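These are the structures, in structure tokens.
Two complexes follow with subunit A in common, the first pairing it with subunit B and the second with subunit C.
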Partner chain A sequence: MPNNSGIPSWKSIQFFENAIATHNAVESVTNRGENVFIINRKGHAPVVVYLTDVYTVGIADVIDAMTRIPDLGCVVTISNWNGYTQAAKDHGVQNHVGVFLFAELMGALNRDDFWAYVKHDDDGNPVYHYRG
Partner chain B sequence: MAGPQFTDAKSLFAFAEKLLIENRAIHQKYGPECAAAATNPLSEGAILWSLRKCETILPNNEKIVNTFARNHDYLSAEQWKTFVEFREHALALKRNTYERMDREIVPRFPQSFQEMLVSYAK
Partner chain C sequence: MLNTTTMATPFITTGDNPTGRLFIFGSWLSSPMPNDLDLVFIYDDCVCSPQDAITVRQALKECGARLGIPAIHVVLLSEAESVQCGFIESVGAVPLKIWINEHRDDLLRRLIEEAEKNP
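Right after this comes the complex of A and B.
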């Protein structure tokens, strides 16, 4: 549930940890504190995720997370109601930082270049979450 | 669409309040802060929210904006100012629906507008 602070609820964090742990490519998940998680993958490099619950991830959020977390791999906003601006997405990709909804992260974890992962619809068109 | 012409502010406010009741019901049931979003972040309720927002909430907001504009003669400067807060929220919500913007610049629904409608109806 998005909120003004952007801090995910305890329930959302639990959901995140449980769901990630069931992913085929994931070996383990470590909570580093302050909503930063290290996802250790089988046969791929670990991914450092900053988990949030803001309604819209903007470019300022991405820059802020990159500044605070030098080894950042992804900014993930947990709820399906959430999304991101195109500027945030583009800035992330340029800096090898994935900007995702949780469901997108699940697809991205299968790839070495996880930050560039884009989901496609049944017709093969890329699906972004630029709309509110 | 200009919206209906009224003969006093009370009728105008009652018209707007009914539309907002509908909007609130949809927001509470399917919006980002609904119970389903709290329990299941991956819920498909988000799709329903997008649909209901486009089908009902945005058109209702537009009806309110147009009707207030048509009946602005009945409003004091203070009431007009309160309406303008709502209008800016409505326009930003619509824009954000089609292309998300940084959340800091998308004003949330102004409670002052709701309070104005309710207090005048008493």
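Right after this comes the complex of A and C.
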């Protein structure tokens, strides 16, 4: 179940760090504190990730994170049952900030324009995790 | 029995201006000893910017801490986002002031009074 707190559990953070470290494009992960991580990539610029467990990431959450973290690259909500609103996603893309579920981040890390990454299904249709 | 569809919904106000609607969901509705308080603030972005909504969230958390509520989690959605994602329906959220009145929840009544004074 989602915890609604917005704050990832210790287990979620551990999962995040371990899983990211196994990504082919990742050199290392640094925990900067307050749920902010720097993902150092091979051959690509680092990505600064704000990790949350908010049930639905809204545009206010994205703006809040962008204000607090000037070098923000992504807002990632960790649980698979979480989601985001279209407004949050669109605002992020316009500002070169990715708004992702964890699985989407794994795809995005292969790209320079990671914020614009969209997963596609087997038929080539874009898959978004809009709540509702 | 709560009726969440026909009763007027409450507002958090800044001065005389209604800025949004506050709902409660999660374990507070069903548990006699909830560990946390889950709220969703649906703000009218014609009168309340996302930054203002963040301020409301912060005020609720600070007031809650002063009142001894251990953890308050506030989802922030604009009216448009709320309609688009059907959040209220999907989590079974209830207008907070209706909950307070029906259950005589004085702790949450004080929370709202404090937050409305100091959003």
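Following the convention adopted for this analysis, the second predicted complex is superposed on the first by the 129 of 132 C-alpha atoms of A that agree within 3 Å, B and C clash if a C-alpha of one lies under 4 Å from a C-alpha of the other, contacts with A are read in each partner's own complex, and residues count from 1 in each chain.
Basically, contacts are C-beta pairs under 8 Å (C-beta built on N, C-alpha and C of every residue); 3 or more make two chains touch, one makes a residue touch a chain.
The structure presented is a predicted model; accordingly, all values stated were derived computationally and were not measured.
On the superposed subunit A, the positions of subunit B and subunit C overlap enough to count as a clash.
For subunit A, the partner touching the most residues, choosing from subunit B and subunit C, is B. Of the two partner chains, subunit B is the only one that A:S9 touches; subunit C does not reach it.
By the touch criterion stated above, A:A60 is placed in contact with subunit B and with subunit C alike.
In the superposition on chain A, contact is made by A:Y130 with both subunit B and subunit C. By the touch criterion defined above, A:F102 reaches subunit B but does not reach subunit C. When the two structures are aligned on the shared chain, A:N80 is found in touch with subunit B, with no touch to subunit C.
For the contact definition in use here, the residues of subunit A common to its subunit B contact set and its subunit C contact set are 54-56, 58-60, 83, 85-86, 130-132. Residues of subunit C that touch subunit A in their complex: 26, 36, 38, 43, 50-51, 53-54, 57, 71, 73, 75-78, 80-81, 84-87, 90-91. Of all residues in subunit A, those touching subunit B in their complex are 1-3, 9, 11-12, 15, 54-56, 58-60, 78-86, 102-103, 129-132.
Subunit B makes touch with subunit A in their complex at residues 31-34, 37-47, 49-50, 93, 96-104, 106. Put simply, subunit A touches subunit C in their complex at residues 4-6, 54-56, 58-61, 63-64, 67, 83, 85-88, 130-132.
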